[in-house]
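Structures for review follow.
Two complexes follow with chain A in common, the first pairing it with chain B and the second with chain C.
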Partner chain A sequence: MLKLRPVAKAAILGVGLAMVAGPAIAKKDRSHQAVDLDPDQRGVVSGVGIEGQDLGRMADQMVRDLMANPEISNRATPPRIILDSSDLRNQSSQRIDKDIITDELRGKLMGAARGKMRFVSREFIAAVEQERALKRDGVVDSGTTGLTRATAGADYKLVGKITSLDSRNNDTGMQERLTVISLEMLDLEYGTLVWNGTYKIRRAGADDVVYR
Partner chain B sequence: MKTIHRLATGIAAFSLLSLASAVVAQDAAAPVDPAAAKAAKAAAKARAKQVAAWKAQYGPGPYPDEVEAFAQTRQEELRGYYRTLYYDGEHNAVLNYERLGLLSMELGYYADAEKAFDGALDRIEAFYNKDKQAEKATSATRLEVNKDFKGEPYERAMAYYYRGLLYLRKGDYDNARASFKAAEYQDTVAGDESFQSDFALLTFLQGWASQCAGDGSQAADAFEQAAKIDPKLKVPGPNDNVLVLTELGIGPVKATDGQYQEKLVFRPGAAMPENGAIVTLGSGKTTRAWPLTPAADIYTQASTRGGRAIDGILDGKAQFKSGLETTSALATTVGSTFAQQMGGNALYAQGIGAALSMFSKSVRPTADTRMWDGLPSTIMVGTTRWGAASAAAKGKKAPPKAALSGGDWSMPSVSMTYRQDDNALDLAGTKPMSASAGKCGIVWARSRSVSALPPEAPGNNAKIALARKRDKDVWAKDEAFRAKLR
Partner chain C sequence: MRMYLLGAIAAGALLAVPAQARENRPVKCDIGDAKRSLSAGGPALVANVPSAMTPIDLNAVQMTDKKLANRVVVEGMFARRTETNSVEVITRFVNCTKKTVELDARSSFMDENQVPTEDSTYWKKVILAPKATGVYRGLSIGRDEVKYYLVEVRTSQP
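Showing the complex of A and B:
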């Protein structure tokens, strides 16, 4: 039979206890911690509205669509585009920060365009004007790209709407929402629309019977 | 074998060394003063005693010191409400957020109000499927109050309504319209079709948000629809840029009815004298005053909802309880008589009767009466032109270029006179919220302040609230909620 000194026995017992109790304590702690979720997968909290995973899919589809449009993506001189939320209207029944849609789209489009399109920022034009004034006043030097007569004018602007249609079956408690994100590329000189992309989300679900 | 011996000896030696170094380190850091050591020991003992007392009173927690540490980071007038929000966790989160949101809005803490209503609405919009607490609410032996509160449709609609007003205040007309639309959607739950989407004010406010956003056709559609539901709601002038809302009286009260309080009923709130209001904008020559139009009756909205799905379950529980009571009585009286006549022992029948009686007592069909007690009884509305788009003199045509624009104008001073019929009342009401962040301005006031209400919502069952904290999953959910709050 295995013979161990008392001190060694105590040590083994201690290690053994730590191995058993450790995971239990860790498990208790884990339940209070936030978990990382894949932004492209459905989250743990859900309803019938636009959710995190929709944004990535919508942006992917829109980028593919836009890149396939030769008038925008295949010009000898890359077109200049304003892509922000200032002319994206939310007419749906969901409260939403519209920037989350345009930011996602701009990020993916910039990645895919690889210089075939130029993006003009009007959101932070004040910062641009401030720096230009400092350069021209001689407070700072002209930087490495030189001075231009004016800031970039844009050829196109992304405009669009978010609309929704809600319905409910009061007998079953089922709720359904069709959300349509419709984006268009507006020619800022002629006023014509050179591209349109639509992304639809149709989602249904019912809350627990105690809440109907 | 030798390897195991060596390993064990090594671990033992390491443990002893660690222990010894820890003791040495502790000795080095230990206070030399024995009186201080004694005081520290006494303090630790007192703390342990305090924690034990809190544990008995508050269960697993959170304990007052933690709650207080959280509340101290908030505005003083809101601390009571934040304490309740923090302590109650997810159970009453929607209700506590709604009450906190309204108080914050009234006191002018708009960032707190926005966050609070967002917190409530995020939960209202999420589906609580396979929720343990929701399942408990349907169990025969558990009360409905076990479920996390989401409120009745009129309460949910009002949460959207206040959020919409906060968006209007900031000039975010798109999200204001979305909020009013979602509020109206809550009103489609009514069982009787004639009461579905009958909250005309919400349709009117959708129109207002559209008008301010420059969506003329959407605005016209909504105003037309609102006027169809409630002809008192006249279409605002195309140049109107100030919306005035004031809320009167005390809103509906939830109560229970039926043999076992299984029926949820709504009663009008305590009667208040005010039934009208006159708003006064500006001062001196530019003063403009006019009576506001009654646009919504919250008691009507609450009481025309029709039956809830849970009512059927509560009714079933009540019938089951009633059946058990009848059977228990029969077993006790008829059964024991029969047993005696047959020469048996009546105690068996009485025992069965007592057991059934005990079981019937454990069946709990009482309806949940937690409610948002700060709601008004009536909402009054009015619109006008001010500033760059000011009204033309009577009988003269408005200047053609006076259409809505975010030009140079600011909100005038505002005062509200509350009336009973034609008589002005000595009632100050709350300080009006007055703002113009975009093309339009908004004024919002209340005749009755919510600041006099206690921080705890009515209808809560403290016993149930404490019991649910002992559930590990619920505790984890509440802890996550509190972590997000901090």
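Showing the complex of A and C:
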């Protein structure tokens, strides 16, 4: 009879257990793997605020509404529009990167407009000014599109606010939030608002979700 | 004198028409009638093998689940051109039940060859109070090229 020391017995027992429990542990590990989700559907972690599925839906609604506005999308000369987050104010209780809203909207609107609107970038104007200076100093040639006297002035700018109304039941932990994203097209010469689009989200839930 | 009297009676009858409306009775539906109604025979989406699926009528509402089809009736379907010549479809639903019904609707737009002119709209939630109406609106991005549309409806999803 082979006699084993207690340490060796424990080692053999451990290996045996590992062999039996191996698939179960592996299965458990797989459950923690990242999964691909549809960006337009509610995710696994969801709360009462603005979420991924709202962005596409909101942008789709706004783009269709803008494209039906004759003052903006039916002009003989396509209007020039600044569409960035510099004048989108977040007054809501949720922390959010505002660029994700304006980038989604600009992307969809550029695809839909197909030349009926022109988009002016002020976010990266420093890059434009730097290249213009290099061309005029003769460091680089004039490129293929030629030189212009000045960069494009804009006719309209997207402005807006994100606001929210929060309520919470401390007995049940249930919380509710109404989030309103209100976007407007501001005439940069005359100061009038030529379009308004509002997207509302009202959600309730008890899950403790942190947006960051 | 008799002529005046007849005229007065006729005018009175015309004025009385609104008073004959059913005002104090909740709506009643016959879902079976709606289900059994035949296709108008207009344009439709047909499978490559025609018998492989029932045709999907265009310029119409398509319910995607039986549960909803047993609870909601399409009362009216309208389509019109906007000032920019895009198409706006408007659908009015009636909730035939005594409970609130939530549905999602989306629209698709096609050219004369039934080719999609753009992505379908996102699903939009419509909440129908018991025995009440609710309206869905969808706007196209495409303009002159849009010839057909389809509104799809499903039970609301979270």
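One rule holds in what follows: the second predicted complex is superposed on the first by the 174 of 212 C-alpha atoms of A that agree within 3 Å, B and C clash if a C-alpha of one lies under 4 Å from a C-alpha of the other, contacts with A are read in each partner's own complex, and residues count from 1 in each chain.
We adopt the following convention: a contact is a pair of C-beta atoms (placed from the backbone, for glycine too) under 8 Å apart; a residue touches a chain by one contact, two chains touch by 3 or more.
Nothing here was measured: the structure is a model prediction, and the numbers come from that model.
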item: Which of chain B and chain C A:K98 touches, first, second, both or neither; value: first
item: Chain B versus chain C as contact partner of A:L37, first or second or both or neither; value: neither
item: Chain B versus chain C as contact partner of A:R57, first or second or both or neither; value: second
item: Touching partner for A:D166 - first (chain B), second (chain C), both, neither; value: first
item: Which superposed partner A:D207 touches (first chain B, second chain C, both, neither); value: first
item: Chain A residues touched - chain C or chain B, whichever exceeds; value: B
item: For the chain A and chain C complex, residues of the former touching the latter; value: 40, 42, 56-57, 60-61, 63-65, 67-70, 73-74, 112
item: Complex contact set, residues of chain C against chain A; value: 82-84, 86, 88, 118, 121-124, 138-141, 158
item: Contact set on chain A toward chain B in their complex; value: 2, 4-5, 7-12, 14-15, 31-32, 34, 45-47, 49, 89-96, 98, 166, 168, 170, 173, 205-212
item: Of all residues in chain B, those that touch chain A in their complex; value: 1, 4-5, 8-9, 11-12, 14-16, 118, 121-122, 125-129, 131, 134-135, 137-138, 144, 147, 150, 163, 167, 174-175, 177-179, 181-182, 185, 188-189, 191, 213, 215, 218, 308-310, 313, 472-473, 476, 479-480, 483
